[in-house]
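Naming follows writing order (A, B, C and D), and every chain is counted from residue 1.
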């Protein structure tokens, strides 16, 4: 964890705060909502009718959409600026390992998080979580950066690698 | 329009208020967000990545999900109580007339509304709208109530009919 | 109806033919499957688990996807060639009027059709149907052609207008 | 591999056969379509417009729907009969590990497969694949059987366990 976020954990006070939906939550909001630690990206949302299946619980596919939404926000807010003046990379999901811990039902509010835990030269590993009164589902996603036409690997900018270390507490891996 | 809502229009003051997502908006919030009049149900939401298609705008099908979400909230909050002690009706969409006015793009906030404009003995007509700096799409939906097994029509409770008149300003139609 | 299609109706013989999925059906296949008349585009498909909602029937939104699939096939197979050497138009759905006649359940096979019934200078009206042992749902869709950047109307090529008349039996409307 | 399926591999002859969509493929059809070996369940389908995202390739979430369709068919055709006279179990996806090997585009035909590779007393591991001129994506899914109300584990019937061994060539694991 980066120092800025760690400090926030000490400063936070728990109160019955209303949940702010669809807007990145601050570190203190995340902690007061019961997350184990603040993440670089956390978005609150709510289960919709169209996400339920005949078992009246959230269908497995819906979680993938929630994770995708937070991943896109993470990239737009935290990564895109590191590609200023460079061709826009093609971000490709190579592997997705989803673990479903407890089913969810209509209207439940939840928080989706995103944090990079490791990276190599042209790829990174993102850990994503769904929180709602405890941890409900997790995703470990391997993301690969490709050139705009998809034909070649695209090295992560050095400033982005450093940010992964500083803000996300990510681990540089050998290629 | 019902008297309660009409009064609200005079009391409201416009200010740069932050949008509350995924929670029914008050009459004054609706007006300050630019709606033409307050509706019985209005929910703010935001365009997600998964709702875009290859044209990079919101796909036509996504709007149907937005309308559905507001319709389910409308029913749960305003109608369900009128069926206490009665078998739960099966609400069936018989006709949906969607008009698309202006395309929408990633991350746009918008408000979905629901209001009943007319009813008969076993059906009602709902007017739904998408607002985002102006009117972006509308739906006129004919909803039919059926018995739990779907085999027969299910008459609207009289108290619900009266509420359609009082709160929504709906028009009773001849069967 | 165009002459070619009308003739086919007389030549067809009904037999217990297996349904060919996901490939445009011939006029005789359409008639033997119970359609009222052959359409320029008809595709057989089958209800999937993910298209059901908590009522265990096909959700209203799913039909929009079926209609879209047939509309895209119609455009790719019958219209695209009329734009050879021209900039690719942006096809925009302006109005969609869906009528749901009878609910559908898991694994049901069905046929989605597409046919242009009228056109103007930069738009056309498409009639779409879902057949499965009778007519299950219909869509009347107003499609508008726009320039690639969406800023201006895009006139239908004259050869395409003629084809709408010859093959679809469409009606030219005044602008 | 079960003996019945293994034998089929020797009997099959390769020819330019048309792909039968949405109906379980025979062992010989699977081999002639390029699969490495016949699976207990294999369904051919085709990429739809609605499965594409702004990158104009199939979105990651769509594969989950394809896998789900084949999994439901597998259960309905091969497993359901083993629960005759018993309460219907609740099949819950506990873990999904998806590997994306090569992106897919509009109208591509593909084959989705399902095969159980291991089982315990109340769960089994299913291997699923997407084939289209080679292997395009894989899923390893851990499925758990629960009582109808979801409160307790539900032991696999012995006849089903034996079928997993005989037809799928599955491995019994220690609990």
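Annotations for the structure displayed:
Keep in mind that, in the parts below, a contact is a pair of C-beta atoms (placed from the backbone, for glycine too) under 8 Å apart; a residue touches a chain by one contact, two chains touch by 3 or more.
Because the structure is a prediction, the values reported are computed rather than measured.
Averaging C-alpha coordinates per chain and comparing to chain D, the farthest chain turns out to be B.
A count of contacting C-beta pairs for A-C and for B-C identifies B-C as the more extensively joined pair. Chain B and chain C have centres, each the mean of its CA atoms, that are 29 Å apart.
With centres defined as mean CA coordinates, chain D is found 32 Å away from chain C. Centres computed as Cα averages put chain A at a distance of 40 Å from chain C.
Counting only residues that touch two or more partner chains, chain C has 49-50, 61, 65, 68. On chain A, the positions that touch chain B within their shared complex are 20-23, 45-46, 48-50, 65, 68-69, 72, 109.
By the touch rule above, chain C contacts chain A in their complex via residues 49-50, 52-54, 56, 59, 61.
Listed in rising order, the residues of chain B touching chain C in the complex are 55, 60-61, 64-65, 68, 90, 92-100, 103, 150.
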